[in-house]
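There are two complexes below, and they share chain A, which is joined by chain B in the first and by chain C in the second.
Moving on to the complex of A and B:
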């Protein structure tokens, strides 16, 4: 019995970490149609910001929840002003530019901090269910995923910024006619997406291997999830993250980790074949 | 002065030919003056494997400096021709050609991953350049032109598994990286576990980009092993040790690893995550013998920010020194004469202790050490003297088949 509770926690862990990893990308890709191939490097920057500040004596919670998103948000802002703003509507060019950007960020971090592991200890401890052990950090990640979902929903649905942002994404020309400055909206949306990604990096820092090239392990799955989720940022990303996260964990538990990966990718292929617009293109039309 | 077209062309032609000829003239002059013995070096100093390669280059430079300080070899100084292969196999092939054909070096030390070694070994065979591979690997290379000075599984896994079993118990669970190193090492772990009366509950392989080990940790708990044997590789896989600690499993089931701590995991992970993990290698920076202490001191003095000085560095140092002994004994840098000298049972006392070359396999008989992580450092528990490369010896005999040039797959 206890093993099923543990397995359920694993699934929860898989879903919430995938959701956190994808949310920022969903904002940038889903809303702005910029293929940000440097998404993995934004995660890495968030993790580095957390580790470096925590090791410098900053409280680990502040390092994760404040330093990481603020730092990566600022980096995102600078990158948007210097690079991304010239690329709106140029899908292929944006891929090439952000790929170059990802190499540049990896190079910079390697030069500064070296090509080695970094680490912070995991806060919170473990707890036991029957004879099995699990970690409170899993529950914390799930909580954070729920909180992030609530915040993004609240901002997008109930604030003026959210309304303007959604309007600009739907029809920039019309929004501009009504007095909105689309360039500014794009800029803040990109920075918001970067900050959310940085937060994900910070939250995952205590349970990942942190190296300058760690982003590569996340970027493919993040894109798969966002594309599988479709246009709706929240309902799409959440449904796709739930599907892939649970398939991966259950698959890895009952077969081997290798097949766990294979099953996820197979699921993604079948999903895109059946629902080319993603899950939310079919089931949550018009939702956020 | 008026410059006619004809004169202009004439002068240009003279100037150009002088410029083109100059390097050749100067270079041959310089070579004749110094006439150094050239040592080629192919190591990754950047890219994912850069942290492993950097101390190897430091060790190679140290060995060459010491030989030069003692008057060089055969009265000639040594000169290092080093190329940073940037963790890129294509660059290995390219620079190997360059060392052999253009630089015409007298010996090459280098190669880190097995893939890089197999990319350059044929080149050195073809151009008859003596080659030293100074890295621990899965064993089986059988080539008269190549000397492998690192440890093989028979020298380390054979010690690691039984001592870990003695400490923890007989039921083991193997987790390993999903490529040739992990697959082969898992086989060796299985063999030594069974040889010692143990049982393998399960063997799980992980692609190198797996980052979430939650379900594996649950699976391990369900299987209830006494011991975990790990051959996980790379930055992403370090997440396993983190998540294992986060789940509160640390200390409940001991972990022994063939890969943990070869680079710098103990010093960068939190003490709670790495404590009491067991490893076995041919050398540890923490060894307290005088030779080891002075070796570490010299490298740290020249390069205060050097990454962990592991078996990779000590074997490189010992590899260069063994080659130098060979040249001295042969009294020549002729390749065959040096090989014959090296095959005569040469011995060198290095940082890891006595190292001798084994004639039939071209591998080394060397000490192996068992250690445990304590407070972010390795604490050496046991020393096994004169560990033999028995795995390679079971398939390779260069005395009988001197023309072998292949890597055998050792069947278990």
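Moving on to the complex of A and C:
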């Protein structure tokens, strides 16, 4: 019995970390149709910001929840101003440029901090179910995923910024005639997406290995979840993250973690073939 | 420049290339020759993506999947047969078959650009992960131990066709690799000058129009993809022959990124540009590897960003346009758009 509880917790963990990892990419892709291949490196920057400030004596919670998103948000803002704004509407070029950017960020971090970085211990303790151990941090991640979902939903649905952003997403020319500056909306959306990604990096910093190339492990997963989810930011990402997260964990439970990944990648390919518009293009059309 | 002059220039270029390849071993020392052999093998890989991306309009983020499959197919077959002749054939056939299956899946499902990128990227990761986890005695194909992340050491290198006892010397390896590169280049050139090549370019330009003219874009793209896969597989065999070694890093994403960088730097939509880009970038990477100051990711990333933003056409087309502006035009520019494409050692089907 206990093993099933643990498996359920693992599935929950898989879904919530995947959701957190993808949310920032989904915001940027869903709103601006820019594929940010430097997404993994934004996660890595968030993790580095957390670990370095925590090791320098900052409270771990402040480092995770404030330093990481603020830092990566600023980085995103700078990158949008210097690079991304020239590439709107040029999908392939934006993919190439952000891929170049990802290599550049890896190079910079390697040059400054070397190939390894001392991590931080996982906060909160553990508990046991039967003879199995689990950690409260897993539950905290799930909670954070739910909180982030609520915040993004609230901002997009009920604030003026959300209204303007959704209007610009639907029809930039019309929004511009109504007095909105689309360039400014894109800029803040990109920075918001980067900040959310930085937060994900910060939250995952205590439970993952911190290296300059850690982003590579996430970018493909995030990319395929967002594309599999389709254009709707929340419903799409949540449904795709639930599907892939559970397939990954259950697959890993019955085989090995490596084959778990192989199974989830295969699922993604089949899903994209069956639903080329993504899950939300089929089932949650027009939702947020 | 009229057609005949262009053809003459191309023929002259080919003869010069044959000559340069032939005398290379007597001009430079062995280390340089080995490095050039590697560059030539990588250039074949560059050509495979240059063809499917530049002319077929298919941006594959996972061309290394076919490169790696070719490398592994060669290595496994060479260990088993102890003869490189069938192994080279397998290194072409296996990736081509895999490209056929994947291409059928992608193109007949009418999957668009971004999704194509995701699928090719994901397939490469699947292969990387799977091959990486094949360590241990259980993973054996015939006599060949796959070796997981350690790879397969001591793979037999090329021998004379059907004569396993005569192994090629480094010089002969260079000639083989370089002439294969030249051969692939000329074959692709020829293909692009033929009606078949024009159909490929037509599909890239406008799928709807091409299908209204009676061509099936799905089939055309699929065949283009298969040809690209076969060439990448051949490049894999050449690469393994160079190092006598293959490991899962052959499937790595960073190599996929490098191919795309070669083409962006050299010039998309040309065949010569990517070869130039490949040699230049690989030379820079090799040079960076020999010093401590700069990190190769830093340089490669910077180069890619700068080229996408400032020089999106790439070195070769930009240089070609510059040269053509300096050369006095004998004809008035009345032929309009045909002038730039007629300007280079480059048949008309190329643009």
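Here, the second predicted complex is superposed on the first by the 287 of 288 C-alpha atoms of A that agree within 3 Å, B and C clash if a C-alpha of one lies under 4 Å from a C-alpha of the other, contacts with A are read in each partner's own complex, and residues count from 1 in each chain.
Assume a residue touches a chain if its C-beta (ideal position, glycine included) is under 8 Å from a C-beta of that chain, and two chains touch if they have at least 3 such contacts.
Computed from a predicted model, the values in this text were never measured in an experiment.
Placing chain B and chain C on a common chain A by superposition gives a clash between them.
Touch counts on chain A: comparing chain C and chain B, the chain ahead is B. In the superposed pair of complexes, A:154 makes contact with neither chain B nor chain C.
Contact with chain C, but none with chain B, is seen for A:227 once the two complexes are overlaid on the shared chain. Legend: residue contacts after superposition of the two complexes on their common chain; A:216 is shown touching both chain B and chain C. When both complexes are overlaid on chain A, the residue A:89 reaches neither chain B nor chain C. In the superposition on chain A, A:256 contacts both chain B and chain C. Look at A:106: by the touch rule set out above, it reaches chain C but stays clear of chain B.
When both complexes are aligned on chain A, the segment of chain C among 148-156, 166-174 or 184-192 whose C-alpha atoms clash with chain B is 148-156. Residues 110, 216, 256, 258, 261 of chain A lie at the contact with chain B in one complex and at the contact with chain C in the other.
Those residues of chain A whose C-beta lies close enough to touch chain C in the complex are 35, 83, 86-87, 91-93, 95-97, 99-108, 110-111, 216, 220, 223-224, 227, 256, 258-259, 261-262, 265-266, 268-269, 272-273, 276. The touching residues of chain B, counted against chain A in their complex, run 46-48, 50-51, 178, 204-207, 209-212, 214-216, 218-219, 221-222, 234-239, 242-243, 245-249, 252, 263-265, 268-270, 272-273, 307.
Contact residues of chain C toward chain A in the complex are 59, 105-106, 109-115, 117-119, 121-123, 125-126, 129-130, 132-133, 253-254, 257, 260-261, 264, 294-305, 308-309, 312. Against chain B, the residues of chain A that register as touching in their complex are 3, 6-7, 9-10, 13-14, 17, 110, 114-122, 124-128, 131-135, 137-138, 206-211, 213-214, 216-218, 248-250, 252-253, 256-258, 260-261.
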